[in-house]
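The same chain A turns up in both complexes below, where it pairs with chain B and then with chain C.
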Partner chain A sequence: MNNRPMQALRRVAGIVPLPGRVPLALRSLTADRARLLRSVSGIAFAVLLMLFQFGAQKAFIDSSLEVVRALDADLVLMNPQKNRFGTKAPFPREQLVQAAAVDGVQSAHPLYAEWSRSMWKNPDTGLWFKVQVLAFDPDKPVLRIPEVEAARHALRTPDTVLVDSRGRRFLGFPGAGGGSELSLRRVRVIGTFPLGPDFLIDGTVIMSDRTFLNTFLPSGGVTAAGSRPSKVEFGLIKLAADADLETVRARLRAALPNTVNILTKGELEAIEQAYQSRMAPVGPVFNIGVVIGFLVGMLIAYQILYADLSDQLGQYATLKAMGYSNGFLVRTVVEQSLAYGVVGYVPAWILANALFWVVAWVTLLPLGISLHLTLLTLALTLLMCGVSGLIAVRRILRTDPAEVF
Partner chain B sequence: MSSSAASAPWAVRVDNVNHHFGDGETRTQVLFDNTLHVEAGKLVIMTGPSGSGKSTLLTLIGALRTVQEGELTLLGRSLHGLGPKDLMMVRRGIGFIFQMHNLFDALSAYENVRMAMELVGTPPGEMRKRGTEILERLGLGQRMDYKPKALSGGQRQRVAVARALVNRPKLILADEPTAALDKDSSHIVMGLLRELADEGSTILMVTHDNRILDAADRIVSMVDGRISSDVDLRESLVICEFLHSIEMFRHLTGAEVTFVAERMRQRRCAAGQPIVRVGEEGKEFFLIRSGRVSVDLSDKGLPPVALGQGDFFGERALITGDHRAATVTAEEDCLLYVLDEAAFQAAIQKSPKFHDQLLQIYFQRQ
Partner chain C sequence: MKLLIAWRLTMHDRVRSLMVIVGIFIATLLMFLQLGFYAAVPKASTLIFEDMPFDIMLTSPAYVYQGSPHALPRHRLTQAAAHPEVVETAPLYIGTAQWLSPESGLMRGATILGIALDRPAFRHPGILAGLPELAKADTILVDTETRAMYGPQTAGRLIELADRQVMLGGTYALGTGFVGLAVAVVSDINFHRILPARPLHSINMGLVRVAPEGDVRAVAEHLRALLPADTRVFTRKEFFAHEQARWTRATSAGLIFGFGAAVAMLVGVVITYQMLATQITRDLPRFATLKAIGYGDGALVSMVVGVSLLMAAIAYPLAAGASFFVYDGVRAVTRLPVEMTMERLALVFTAVTGMAAGSALLATRRLLQADPADNF
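Let's look at the complex of A and B:
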């Protein structure tokens, strides 16, 4: 078998020394344990900074996507003025009725929501807090949350609600059988569901459309029949089994005025993500944090490598004098840099996981390190160390081998 | 005493090399018109005070610097005009022993030596064998897996020597290779270098270690950027012995004999070639290193006199100021050592009785 391509790959990758070669980079890395510990701590700190920024950013976005992901729909209708899920901008119910009549649409269910007037009273402390309220017709399910699905028929009873079991503790959400007040209206908790807070919402309450009507629209905003709100926040469209999504969307576009947006769930998620990462005040802070983490890491890695190389300047100059090429020296230093990256990454990853576990427990945010995040931060770490190595190696490339004589 | 044969197999040939440091107004010349030819298999010691230019000359010979002016040829390859990459390739064939041995602290003694073997593509199976062999030879068989920090200064220096010599290079450049070594270690290292020289490697060594001078074939001294003397040590010893056996030089001290020997120049003469002719003005004194010559005394009705190794001629005309009294012809290819008139007269002045002694000798030969 021809091993040359593999050998060439290893040489290019610079991570694994060729068989039969003195592993100079690896030996240099481990020669001085105290120095190794110092160096790895520095790099691990930078990696931890990046991991935490990325992890927090992901949690920030993921937490706001939980509710979108829970929607049971193929297409979502909403007011184009909405720049995110949690912005109040309803559209007329008639348009949802029109949508239901379009060929290929199996069902078109309304979802009502309230974010600004929905004040929850902690039954233990008596303090009032803003919560997210979602409401739907119990006969027309719209959420893919098993606990909600199981309790939806019980919600027909007026003034009954489900509360978020992962809501923030200060809300004092009671379990089934408990009670409190929502926007000055007495409600009874008949069950819980796990959704969790995000950076803007501390907890969610789910109720029937009738309870919603009684709580938030007691004197108006109802249909002619008076039993339903006249405006809906979202229209959740489910397609017939054999219907093509784009075809139905085109039909809906033709049937509805352009005051309604027709989105897939993926598009709605993208809008939410874009808002959180670009428009929300905290979003760009995370991006800056990642960049700072990367730059700090690069600076730390560069200083570590520069100090290492300065200590070994004579040795490297000797290698040059002996006839080793600049390419070999660059490869060796980059190998050492990448090895620093890998060695620094492992403890940082473990520490970040531990840290996230604690922070998630305190904040109830979905903090964690996914495989994608692991690979992304590892790649950034290797890039950070590799670039630092390339900058630092100039120190030995400038060395005059004649000076060692 | 300098060698001047034209067709010798030179391993190192330095011709009229000048070198400058700095640019513009700070440009300073550090080497001045240096010429040095070293045959393959010679061990040459370079001496001179600090700043005399010996290290600079060695770095030029070692392809560590670019030749600015003059011609420098290593093992038949001219270094003139070579770029950094070509110089790097040249360096791979040279064994360097640095005073600051600069071993990699992270690598064991064996791995440091192995770095040199990897450079020239030694097969992996060979490396352990050769590395072990040379480290054992240098008394480090039990220290092969030790890191430099666990070795003494002398042991580290020996590892550096092993690294330089393991490939048995054709050219070895050494800077104070025995400075950190005790007498026994120094003896081992010099023995190894001598062995390599005997196998055909050429060794140029900067040293101030008097203990190893006797291992040298030549001693080149530099002062102020110039080669001030270039002595073929073995040849010089032979010539001194020849000179000392001559009656007229017998009373000179060792230093005075050396003074005379250092001023003698080699000259080769082919068989049948006249060396001096009767009636010529006498300008040189001749000592026969090898071969035979015939002194024609036919005008005096005498048979020719044959002279061989260790014999001399030509002194009479220098002493008396007369013209040559006989023609001398090479009977076979000869190597002669020649002392010019000025140096001969200087040698005479070293001893007040010298002139009389020589006259007496001259008359004894009549």
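Let's look at the complex of A and C:
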């Protein structure tokens, strides 16, 4: 207890108190180094648990939103039967042509997609895997992915594809120059783009509408230049520079039959998010994980603060006997609790970043701690520590100083 | 005597001791829950195969998992049936079709499992009881875990599957796992009616049952030699290992829940240490007193370990018991097969008691160095 570093720390704490106040919270925090270390590490691991659960849930949702976010559109047309991005429900291409003619619409580009019949053959092992295939007219860009944008003109060559450089490794996606088979059709890889898998899709292949038609539609495998699939999966609308979104949406609504939905990108993201967190088999598990992470963190923090305060009961009783008010004691305890929260949060945050870096590398999922997640978890940490302190302080308030000694 | 002292120490400040026990309880429950999630992933993937009667499974060589099973010729089953030790074979057809609920106009994907009625690939009692219904044209059985958005599961309800009107003949409760949000069982003939592009001679999986006295591995070896390269032969054990390896090591869900379980174990162990170390440190003056009145180091160590193990021993059975209820709740919400196993009970027990003894031994180092006079 009476070693040099501790004395030094106390002296420093004593040198820079707030005007007219002894830094009591800090002093009771640092009074026992071993205990401080144990308590802080306990809280830090509780915070780590919370960070991991929040981060995993966010990665789960984000991974499925990456492709939606990459769509280059102000409004998206799609079949109302679609309850998520990755389910087949196309609508007639004529309706997209009608939409293009609406006043205020600068362009209406088609996006074709296939999720169930699209089988990719791993060129190394010969095994077949389902992949997501996206296709578009190389003259009508639809994806805001720089690598796709750079390579789109080259996709005009029949049977050329771009593959996801972050696709799952068992797919065996080769780099540019490689080749394999997609749904029994020979394809040549001319480039890659980084998209990444989600919980249902292992990897993505991008091609031209004409290659798409040849691969998936019964056309005998060969089509004349200029022929297009008759149905599209998504219609991507861009507005003229001066057009108002809601006005154009109303015009589109009037021009199109109600067999097509007109959504903003935000609404499409919301649909995807609702599907993933409520309908997908693993969605509710992540929601439970987040609740558990917070509850366990809260209980652990409370347990630790309660134990520490109980140990310091004598000191607090002394203060009380000296005539300090209950308000002062509450303030000190809450300050001490919040200090625990902050001191515990920092190592937990660093540890979680390191952990996510490893997990992201292994799982290829968009794991990371955003500013939003940092602020949210820090606020929850302070909340749980503050509340725990308030509950624990009741024991001190109940104490009769005479009984403690 | 030592145990009695340990007990007295535990009971001395009951509120504090209770808090420690609650802390260990929570940490233990957390481990159970996250390990349960992790184990549910491969379990969900093999759910429909678990009570299928097979010793050997024939699949396409390209078989990866049931979501994309590929086809093999039905004739391979006939060839397998010719082996003297094979007593029964059964085909399984797996397909997907759009399910249209006429009431709401909602159209969603559903998974259809086709079976031969004279040798069903399932021995689930609900499916066997429904076989007479399945014999009718365009009639299906629906898994009760099919999500609510697919509409009511009342027998006699008419829906459309792949633009063909079919009738719900009844339900069975096997579980949908990762097969899909809606799963229906149909006869092979109806499978072909609903999905005309899927001929009956092309099956997705071939179940082979070997006589009880037969040698499964020898039969499997024989079939591997006999059947051409269009068929892959798994023994039951190999098949489950293949499915589970894929789901736990190659998919997002398995990987992320694996890390979730690892983090929970780490946090659980650290929290347990924190709780017990704090408690033991707090009791140091008492141990010092015992040391001062002449107790030996060995006695002190066993007392400290005794206190730790006592608390763990109270918290662990409570947490194990509570996790059965929590698993029930999670099963109801997520519809994933979260279930307790003996292995998990043993694993968590080892982690908790190991950590209890470990934290006690760590804390006693300080105790043994302590000069009783310093502690007052």
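In this text, the second predicted complex is superposed on the first by the 376 of 405 C-alpha atoms of A that agree within 3 Å, B and C clash if a C-alpha of one lies under 4 Å from a C-alpha of the other, contacts with A are read in each partner's own complex, and residues count from 1 in each chain.
One rule holds for everything that comes next: contacts are C-beta pairs under 8 Å (C-beta built on N, C-alpha and C of every residue); 3 or more make two chains touch, one makes a residue touch a chain.
On a predicted model such as this, the values are computed, not experimentally measured, just so you know.
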| item | value |
| --- | --- |
| First, second, both or neither for A:W128, with chain B first and chain C second | second |
| Which of chain B and chain C A:S118 touches, first, second, both or neither | neither |
| Touching partner for A:R35 - first (chain B), second (chain C), both, neither | second |
| Partner chain in contact with A:A59 - chain B first, chain C second, else both or neither | second |
| Contacts of A:T381 with chain B and chain C, given as first, second, both or neither | neither |
| First (chain B), second (chain C), both or neither touched by A:T215 | neither |
| Chain B versus chain C as contact partner of A:A321, first or second or both or neither | first |
| Contacts of A:S180 with chain B and chain C, given as first, second, both or neither | neither |
| Chain B versus chain C, judged by how many residues of chain A each one touches | C |
| Chain A positions touched by chain B in one structure and by chain C in the second | none |
| Complex contact set, residues of chain C against chain A | 13, 16, 19-20, 22-23, 26-27, 30, 33-34, 37, 40-41, 44, 62, 64, 67-68, 70, 96, 106-109, 147, 149, 176-178, 181, 250-253, 255-257, 259-260, 263-264, 266-267, 270-271, 274-275, 277-279, 281-282, 330, 333-336 |
| Residue ranges of chain A in contact with chain B within the complex | 20-22, 24, 27-32, 312, 314-315, 317-325, 401-402, 404-405 |
| Contacting residues of chain A [partner chain C, same complex] | 34-35, 38-39, 41-42, 45-46, 48-49, 52-53, 56, 59-60, 63, 81, 83, 87-89, 116, 119, 126-130, 168, 170, 197-199, 202, 279, 281-282, 284-285, 288-289, 292, 296, 299-300, 303-304, 306-307, 310-311, 355, 359, 362-363, 365 |
| Footprint of chain A on chain B - complex, ascending | 55, 58-59, 62, 64-65, 85, 88-94, 96, 98, 100, 102-107, 111, 114-116, 118-119, 124, 127, 147, 173, 175 |
